[in-house]
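What follows are several structures.
Across the two complexes that follow, chain A remains constant while its partner is chain B and subsequently chain C.
What follows is the complex of A and B.
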């Protein structure tokens, strides 16, 4: 069963130099109780995808959104997050669908204590009175294993460390028992020993509540150990999607292959001298204002052929639960058929 | 062994009030041989960036010495220090903040040459600027552009060119890759490795990314709250970390391979504030092996096998094989 099904999602922004397609024709699904990771580099559209789903894009950006995002709520009802009236979206957001961000310092309100911030959400969505909301806020801080939780309730975000702030963010997100948690680079600003704690906490909460997680990240190490399914994005489009193990074992798209090959940890084989050079993807991502006519990765791809410059390849099913957007993959499929 | 190119002895850097100092760097010693790349790893507050800056005397040390070819750079007159600066350079983390946005790339590089009186005359300097840009994989005509016209990876190449402009022997690379995407990171890693080879550079490579350190460095110094926990050859360190902190740090870094065992949380709690560092061993508050004696005194950095130094009083733990 799927918790969320995103179909042909596109988001574009108006800029002084013209319209920019930040996200184009993105489709993927998140299974109930599972984690889907969106990986990509700067400008791949991974964060815009999550903000579009939450309908949190700034209005000033003159955004244009199309596509569907079917969310299956707790009652089993099927809702299109992109078409829902704002009032219903507001009831859903922070309730059944919650989000955590990279930098908890900028997403927490600096003038309210952490207890007040968690309690506010509980009063709003669960209709608790002040005393009950405060008691529940304490329970949430304990749930996220906040050290000295009772004392932290009355502290302000600036008094907490980065790891503790992210725990507060997670407590806030968990307060209304979400069925879908969108986590946008939740551990990127943290040290590795703290990152390990937060990732473990997220796994524990997922196991206890059965929530689904959409994990947006650029960190392939985190993806390898904390995702069930992976969606790889490049220049606003999904280039490949697959369950985590097959993706790392046999990436289908040349971009995924190259991305994994560039990692320094993959370059060393124990007992052998390190290679003189790392694999590197040449060049850089094309400007979104002047995208290549065909496949966006073509200018950097070692396997590109003339046909790659002609049209944008389709995202094709290559085998069960796997998709890739590459004409070489498409050609191989036709040959096999 | 011949005199190391750089030697740091008992380096201390305290910030703030003298009665309640923040001990950012507290009694750190290490040496870097000619042509060697030494990695400096640690989490926030470990003092790694402060060490990098103090080694170059961009920040004055509170105590201790930094020797360059045996000469104490803290004792040098400002004139001699200025001349020495061309031998010792730094590459900064953020290629967006470290280039003057109002200067063309050519002018940024030209300034470095002019300051040190290298390649006198406009023509020779312009030729050298073009050479430098080509050295880092850019083109001569890029000299007339401004920093905002370049991507992050290209800016970091310019940062590298600026550091190399004055033909240094020694470079402090302070997290030069952390602002870059993975696909661009490997380009810059290759560039650094290639230039190091061609120009026989000695490097102090500061990073929190253990995979990059493992790939690029010959030896590694592991820091925690301003103190050295362990020093080892790279291969030995990654094969068998000895200090409990090094073990925890390695265990916490997820490998990009789902078939490998997942990371485990070896450390509870937060890194203490450097304003209130624990007594004795600074790591003891998070160490799974801490005993009462750890609070008593600061453990000495001892050579446990040739070239391998560990600061931990629990010798039986240090020699216990890392649990699989």
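What follows is the complex of A and C.
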């Protein structure tokens, strides 16, 4: 059973130089109780995808969104997040669909104690009174393993470390027991030990509550350990999607292959004392204002051929639950057929 | 919004001697105004023709004016009116200015219309606009307050708008939206409390400006009616006797200066305390 089905999602912004497609024709699904990771480098459209799903894009950017995002709520009702009236969307946000942001340092309001901020969500969605919301906020802080939770309740964000703030953000997101958690690079701003703790905490919470997670990240190591399904994005499009094990075992798209080759563990050659130089993908993401006519990855691809420059390849099903967008994949499929 | 423990803030604020001095001077002015009757022992409007223009003495601490009224009593009672006018002006313009600035800063569609009106009002010299307004409305305490509120509202609106523009873009506003908080609640509960420091600073500055402006308006005869003792009407009424009895303009004038200066210094102190760029140097 799926928790969320995104179909043909496109988001574009108006800029002075013309309309820019930040996300183009993205489709994926998140299974109930599972984690889907969206992977990609800066500018690949992964954050815009998550903000579009939450309907949190700034209205001022003359945003144009198309497609469907079917969310299956607690009652089993099927709702299109992109077409829901704002008032119903607001009732979902923080309640059934929650979000954690990348920057724990700035995503808490500096003038309210952390207890008040967690309580606000509870009072808003669950209609709890002040005392009950406070008690529940304390329970949430304990749930996210906040040290000295009772004391932290009345502290202000500036009194907490980055890791503790992210715990507060998670407590805030988990307060109303959401069925879908969108985590936009939740560990990027934290140091590595804290990252590991936060990720472990998120897994624990997922196991306890059975929520689904949409995990937006550029960290492949995190994806390997914590995701069930992976969607690789490049320049606003899905270039490959697959369950995590097959993807790491046999990446189909040259971009995914290059990304995996960038991992430090690949640079270590057995028998040699020092690892070889790290692999890096040459060049940079094409400007969204002037996208290449063909495959967006073609200018950086070592295996590009002339035909790559002609049209954008189709996203094709290669095996069960696997898709890739590459001319070679298309060729291999026709050969096999 | 819960303020951090006051004693610590106060200790930080008063670490600078001059700010402490200003606060004490202001406290003295307020206490004298509040206890005007028992302290002076005179009726501020009781004339005594036999005691015209007496110089300061034990009986009349600060002397008497051209109608033989006790100047200390008049300053103390006048302080009530001057401070009340300034307080109402400060409160009124902060209220109106915050509302305008918040709306203009938060809703981009309203920004240009609101701010152009504000700019137009700011293009008038303060005192000229106030004179014109009181001229139209007629001299009374309430009209002076109304005119000054209109003059100082744009000032607050600009500052609040600028700060709103900054706060609006901070991630916690988006985070609040992600929790399902409504726009109006975001505006009042999340943005406004973060603007308290600039608003507080503006309030204290406008308090000081209003004391000066009331005095200036009364001096020019377009302020409070002369029968009500304010520091402004006292200076205005007695100017022609200044060459024979300096004290009758000196003391009301000093009251204005001390109060306005103290408020300015206090406002500076608060601003320095709240401005993170200056905080380190303190």
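Heads up, the rule we're going with is that the second predicted complex is superposed on the first by the 330 of 337 C-alpha atoms of A that agree within 3 Å, B and C clash if a C-alpha of one lies under 4 Å from a C-alpha of the other, contacts with A are read in each partner's own complex, and residues count from 1 in each chain.
Heads up, the rule we're going with is that contacts are C-beta pairs under 8 Å (C-beta built on N, C-alpha and C of every residue); 3 or more make two chains touch, one makes a residue touch a chain.
A quick note: this is a predicted structure, and the numbers were derived from the prediction, not measured.
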**Request:** Overlay done on chain A, so just call it for chain B and chain C: clash or fit.
**Result:** fit
**Message:** Output check: A:197 vs chain B and chain C. Expected answer is one of first, second, both, neither. What do you get?
**Reply:** first
**Request:** For A:18, select first, second, both or neither according to whether it touches chain B, chain C, the two together, or no partner.
**Result:** neither
**Message:** Going by the contact rule set out at the top, does A:112 touch chain B (first), chain C (second), both, or neither?
**Reply:** second
**Request:** Considering only the touch criterion stated at the top, classify A:163 as touching first (chain B), second (chain C), both, or neither.
**Result:** first
**Asked** Anyone got the angle at chain A's C-alpha centre between chain B and chain C, nearest 10 degrees?
**Response** 80
**Asked** Which partner does A:293 reach: the first (chain B), the second (chain C), both, or neither?
**Response** neither
**Message:** Looking only at chain A, is it chain B or chain C that touches more of its residues?
**Reply:** B
**Request:** In the overlay, answer first, second, both or neither for which of chain B and chain C A:56 touches.
**Result:** second
**Partner chain(s) touched by A:210 [first = chain B, second = chain C, both, neither]** = neither
**Prompt:** Smallest separation in Å between any Cα of chain B and any Cα of chain C in the superposed model?
**Reply:** 12
**Item:** chain B and chain C footprints on chain A, overlapping residues
**Value:** none
**Asked** Any idea which chain B residues touch chain A in the complex?
**Response** 43-44, 151-154, 181-187, 189-190, 193-194, 208, 210-212, 214-216, 239, 248-249, 251-260, 262-271, 286
**Residues on chain A engaged by chain C in the complex (per definition of touch)** = 54, 56, 60, 90-95, 98-99, 101, 103, 106-113, 120-121, 124-125, 156, 169, 172-173
**Contacting residues of chain A [partner chain B, same complex]** = 41-42, 147, 161-164, 191-197, 199-200, 218-226, 244-245, 248-249, 258-260, 262-268, 270, 274, 276-282, 284, 300
**Complete:** chain A partner, complex, touching residues on chain C are 1-2, 4, 108, 170-172, 174-182, 189-190, 193-194, 196
